[in-house]
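For reference, the structures are reproduced in the following blocks.
Below, chain A partners chain B and then partners chain C, in two separate complexes.
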Partner chain A sequence: MLQFLIKRLIGLIFVIVGITFITFIMGYLAPGDPIRAQMGDHFDYHTWLMLRHAYGLDLPWYQQYYNYLVHLAHLDFGMSFKYQNRAVWDILKDGVPVSLELAFWGLIVELLLGIPIGILSAIRANSWIDTLNMGVALVIYALPPFVIAILAQVIIVWIDGKTGASWPSSSWGAPWQYDWTDLQPKIVPILVYGAAGYAYFARLARTTMLEVLRQDYVRTARAKGLHERVVIYWHALRNALIPLVTVLGVAIGLLVAGTFFIEQIFNIPGIGRISLQSVIDLDYPVIQATVVLLAVGVVVGNLISDILYTIVDPRIRLE
Partner chain B sequence: MSMDAQHRPSEAGGESFVVPNAGLQPPPAELLELAAGVSEAPPSAIPPGEEETQLERRGPSPLQESLRRLRRDKRAMVSLGLIIFFMLVAFFGPPIYQHIGGVYESPQNGPVPASVYHSYYHEELIRQDEGPSAQYWLGTDDLGRDILARLMQGMLVSIIVAALVEVVDILLGLIVGVLAGYFGGWIDQLLARFTDLMFAFPGLLFAIMLTGIIGPGASDALAKLPVIGPNGNGRLLLVSLALAITVWPLMARYVRGQTLQLKEQQFIEAARTSGSSNLRIIFRHIIPNLMSIVVVASTLNISNTIIGEAGISLLGLGVQAPGSSLGLMISDATPYINTHPWEILVPTTVLALIVLAFSFLGDGLRDAFDPRSKD
Partner chain C sequence: MRKSRPFPLAFIPALLCLIALLVACGGGQSSTSSTQIAPPDKQVLRIPIGATDFGTLDPALVQLAVDANTIQAIWTGLVEWDHNVQLRDQLAQSHEVSSDGLTYTFHLRPNLKFSDGTPLTSQDVIYSINRTLQPATKSQVAYYLNLIKDYDKITSGKIPTLIGDSLLAPDPNTVVIKISKPAAYFLQALTYPCSYVVEKKLIDKYGSKWTDHLTEGGGNGPFKVQSYDHTKGIVLVPNPNYYGPQPKIQKLEYLISGDQDTTFRAYQSHQFDYTGVVGIPPAQIDAVRSSPEFHEYVNFRIRYITMNYLVKPFDNIHIRQAFALAIDKKLLQQTVFRNTVEATNHIVPEGMPGYNPALVGPAGVSSLSGDKAKAKQLLQQGLQEEHMTSLPTITFNYYTDVKAIVDASQAIAQMWQNVLGANVKLVGTTYEKLITLENASVNNPNGLQVWISGWLADYPDPQDFLSVFFDKGSGYNQMNYGQNNSTDAAKQQQVQKLLETADVNLNQTERMQQYNQAEQQIVDDVGWIPIYQNKIQLMQSTKLHGIVYNGLSVIPPDDWANIYFTV
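Let's look at the complex of A and B:
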């Protein structure tokens, strides 16, 4: 186990170095001078030289990259190009709780919708419930989240128009606060996030549950004369959840990345919107920081899923 | 109809390798046999020399079997029909549409022929946000541009990007995957590391980053290109490239896995014993056998590509106005969702239909070519 962890941590470091290198080199080779672009009409040669020096852009590329890595190791993402007295983290930090909140509740909705629907479909395999469930899941699984978000928004607007209500269709409340005014704008984006992702869990839950129901020990349990409910919820369900747990880790890693378009459509001030704004502003340090943060999320998520696997299924040993 | 299912991805694949496409240019029977045979019944794969006599005795080839299964799959066939319909509309719709309708006496622009007001970029500023009419079949957007014309252009953009991405995806995926799987060694290591890296980039982020950073410079540089450059379409190339870079490692991984399996099989061993060179084995025996997995994987990937392009344009980083793309139409219509929901519903619905059609066709192809993979 320890050996495995060390191996994975080395892999993690490798991936982070690779990702920082790719993002760094893209910014470095990008056409146009970032400082020049930020200064716009206020261009002045001396200020330009000074700023280049202040950001370390006058150094050779390997020196720049080395400095970047050293700063990163101290969890310092550098200074923004656009807002010259603000650190990158200062810009991102308001968005992080918002995105995490959206992603967290979104995942809860995904699980609460997906797993029961999948299990129900497996128990009633090939009945009309199963066909309906899986048909809906198939369509939703194939659709991009932003299409679902737009359709939800159109529906809100339509209901508002019909009833004269004014349900907010784009905004966000104070993060992790649940007064009605804070909660109200959050409900629909969270439901959309959940709806966009539930289908994956539903399909997976159905497949694994069907697999488990075919096993010998389920037949044995039935043969013993156990109540069908006990067989399903006690013997089968627990084993069907094992693969789901591992997928959960991966899902956690991708959580925040999944909020990107939903934030855009619902006008939510999370890190997705911040990083998009930084792409438009050509504020490379902010872009790099977001990419690194999200990529670390993915890799750590994978690691968590591997570890969870050994915990829920002791037969598996990590090497 | 089912021939077209084979036809489309093979177009994307270029001419550098043989495609199991009986409709277009019948390849030798043994290739057909092998192409579909591996995924279905590996043990029965037979040294190519004996194939001819075997085929006569055995009735329908595995490829024919697969196509028969595909034809029976209603969902896949409906999707295929829809895709063909969309492609016809995208390619032939605009020229036909521009010949329909008389000269319009615009109070603002004077007489305007149909070929202008039915183009995707013409703005008729006093005819904003109209509903469907005889002149504008699907109405106009906030700048008085014809929604149907923009929609058809957007579909064309989706299809072109999908084709470009698949060309790169298949070429790179095949070359790297086969080399890694067949020879192993450092190529394999490099591929494994690189795929790890690319998989750690969350989804579209890499493409968003690349188009965002290089985009402004690239659209200036690419605008000078003759056909694809002007009207803000230049960035399409960049978007396609960015998407292709993110997808090919997955294809390479599939191809590598299949190549590893193939290389252990008896007919390869037979070919090697009979003195075939590595190059000949790869081109004559390995690559033809990879076709079913490549076709299935690239079809399934097309819907992701179309979503990717629409998403990037939606964020304002893809096709620029006055060009059109489904994503750009959605983003243009977002501010008017309260007053004119029609304008956002049209491109969203069409995008959803295209994506669903490709994804269902991909599922159908997978089930048809590899029945064991079901569930």
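Let's look at the complex of A and C:
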């Protein structure tokens, strides 16, 4: 196990170097001069030279990249172009807990909705319940999350307008705090996140469960006269979970990426909103840092999935 | 096999939505407005600032309007604008100008204090201005102060400080500023926040991070900082040490609100009292125009088309006039911009000191719809004068960042084609690239030929439009007005002389007349083809009273005493 973890960590370093190189070169070759873009209508050549030098943009690309890596090794992502006198990490560090919170509760809602619905559909395969469940799931799966998010907001605005209530349509409370004022703005975005993602798990759970229910050992269990509940929850479910765990690992990595549109539309101060805005502002240091963070997220997510795998299926060994 | 009847899980999503809706329905409040002033705990004004945190809250660095609005609630300067766009003394009680126009003396109000109670003296005033100019501050807006004597020397690092040189504090209540040449617009430039008075103690303690510690003091305006969170925004409360009348608003919040659509929905769900600088999504404007919450006013930005006098055929005044009169600005306003802008023939925007309501357009045509017949006639006249039989291909540069500008540029090219038979080649670039090309057109016969651009007043004074763009030697004279080989270049140089006279004329009435005369001449010469003046559309709660809108989009510090909510 330890050996496996060390191997994975070494792999992670290569992934990060690769990712930083790609994002760096893309930023370097992208059209548009970030310093020029910040200066607006007024262009003063001396100020431009001074700022280019201050940000090290007058160096050749390999030197810029080398400096970037050296700073990265010290967990220093550099200074933002847009926010004067602010370090990139200073900007991101406030976003990380917010995105993690949204992703965590969003995933819980996805799983709590998706897996039971999928299993129910499998047990009642081809009944009207199954058709309804999978029909709804298919529609939601096909809808982009931002459509659901905007729809939810429009409904809030409509209700607020009709009743004079002040339910917030876009906001977020203090991360991991659950007083009513902190909790209230989080409810709708988390539900939207969950609703947008549950369909995938529901459809997958149905398929794997159906697969498992056809297995000999399930028939044997039923033949033994076991209670149907025991057959489903003890014999079938555990085996049906294995493919779900694989998917879950990838999902954890992409969770934060999945929050991008939700954060943007609901004005949630997480990594997603910061990333999208930094792209609009040509704030390269922030773009690079968010890409690195996401890459780490995906790699760590895969690692977690591999470990979970051995837990649900002891036949699999990591070595 | 026994069939159980499990709870229909499929209904969970619907159920959760229903619960959310029911919770949302609880606790209603009516939205009608009365004349009774709301109690102090209801005097909470929440203003959205858009998708991102402030670019900076350091007055020495501020560039964005949204940052400036907040800064102007926390800090004040020697002189500022009132809501009628008239210059007035602010921290200063009075000021005088020496007879040669080179020395400005300000007398501060007595007993000024920072928000933490520390006395504010003339030393603090000159420290703040000097700090903006020092290269270590990395200010992108230091040029507002470029009239101050030895500006070049300090910004290039040749001398470390101007204190004792052109910035003097002979006693704790007197500030003396020396400038390098007489300029009747120096006080106007001094209204920009980069000369506002900041507290040295805080900056010495925290360096460039001092704006993260404003709860400890640092300001001198009507409000002080209660809390600042980079992910949420800033909360201000009245500053008991403010020298002016106390604000009625007890809590002023500038909050990160998301993009324009998200912000607008948040306003509709009562999260904000005012849409502020974020504005209203263009697609929604028609729907809300008749609402009592809707407000609209012009701001000091002009979009214009202009041409390089060094590139043929635009060295000919009649051809320039033909191009100007071929454009139906009113039609553009109504179709492309859906009446969110105001078509104009003016260079100096409406609402600004020096605006000339009597101005007429090129060749005596005042209509905003142009004059097609006259345009054709002027074109023929111009072609004959140039011994040309037809127009060469016209290269028209525009920027692609804003969809309305793309649409407007294409429509204008079409108008030139239809009215003048011109063959127009449209070249789209980014705004940033276009500005670089514009700058490179000064004295350059190979520079841009025709392009669309815009200008927002740095300070509301005609000098900022007329002298900045049309005077000899100005980096913005990209048209090469006056400095060209056309037959009327001498006449243009006369206009430049007039501008230079107006720039130093301390008699403001006479000065404005001189600018009016110069502007009329430049419009007739088609220095610019002004297309439209920007308008700001916003929504404001009917319970909120006392905000006076003007082109500056700024709430003057003492106005806060008259801004309040009714129940």
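The rule we apply is simple: the second predicted complex is superposed on the first by the 285 of 319 C-alpha atoms of A that agree within 3 Å, B and C clash if a C-alpha of one lies under 4 Å from a C-alpha of the other, contacts with A are read in each partner's own complex, and residues count from 1 in each chain.
As a working rule, a residue touches a chain if its C-beta (ideal position, glycine included) is under 8 Å from a C-beta of that chain, and two chains touch if they have at least 3 such contacts.
Quick caveat: nothing in here was measured; it's all calculated off a predicted structure.
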According to the stated criteria, A:Leu210 is in contact with first (chain B), second (chain C), both, or neither; which is it? first
Counting only touches as set out at the top, which of chain B and chain C does A:Val139 meet: first, second, both, neither? first
First (chain B), second (chain C), both or neither touched by A:Leu191: second
Thinking of the overlay built on chain A, is A:Val157 touched by chain B (first), by chain C (second), by both, or by neither? both
Who does A:Gln264 touch here: chain B (first), chain C (second), both, or neither? both
Between chain B (first) and chain C (second), which does A:Ser171 come into contact with in this model arrangement: first, second, both, or neither? second
Most chain A residues touched (candidates chain B, chain C): C
So, does A:Ile22 touch the first partner chain B, the second partner chain C, both, or neither? first
Pick out the shared contact residues on chain A: the ones touching chain B in one complex and chain C in the other. 31-32, 150, 153-154, 157, 169, 264-265
How about chain A: which of its residues touch chain C in the complex? 31-33, 36-44, 46-47, 50-51, 54, 82-86, 90-91, 94-95, 98, 113, 116-117, 120, 129, 132-133, 136, 150, 153-157, 159-161, 163-171, 187-188, 191, 195, 198, 222, 228-229, 264-267, 269, 273, 277, 281
What residues on chain C touch chain A, complex-wise? 1-2, 4, 6, 8-10, 12-13, 16-17, 20-21, 23-31, 51-56, 58, 61, 63, 135, 138, 140-143, 155-156, 208-209, 229-232, 256-259, 261-263, 265-266, 268-271, 430, 432, 435-436, 439, 454-456, 458
Which chain A residues qualify as touching chain B in the complex? 11, 14-15, 18-19, 22-23, 26-27, 30-32, 138-139, 142-144, 146-147, 150-151, 153-154, 157-158, 169, 207, 210, 253-254, 256-258, 260-261, 264-265, 276, 279-280, 282, 284, 287, 290-291, 294-295, 297-299
Within their complex, state which residues of chain B touch chain A. 193, 196-197, 199-206, 208-210, 212-214, 216-218, 221, 303, 307, 310-311, 314-317, 330, 334, 337-338, 341, 344-345, 348, 351-352, 355-356, 359-360, 375
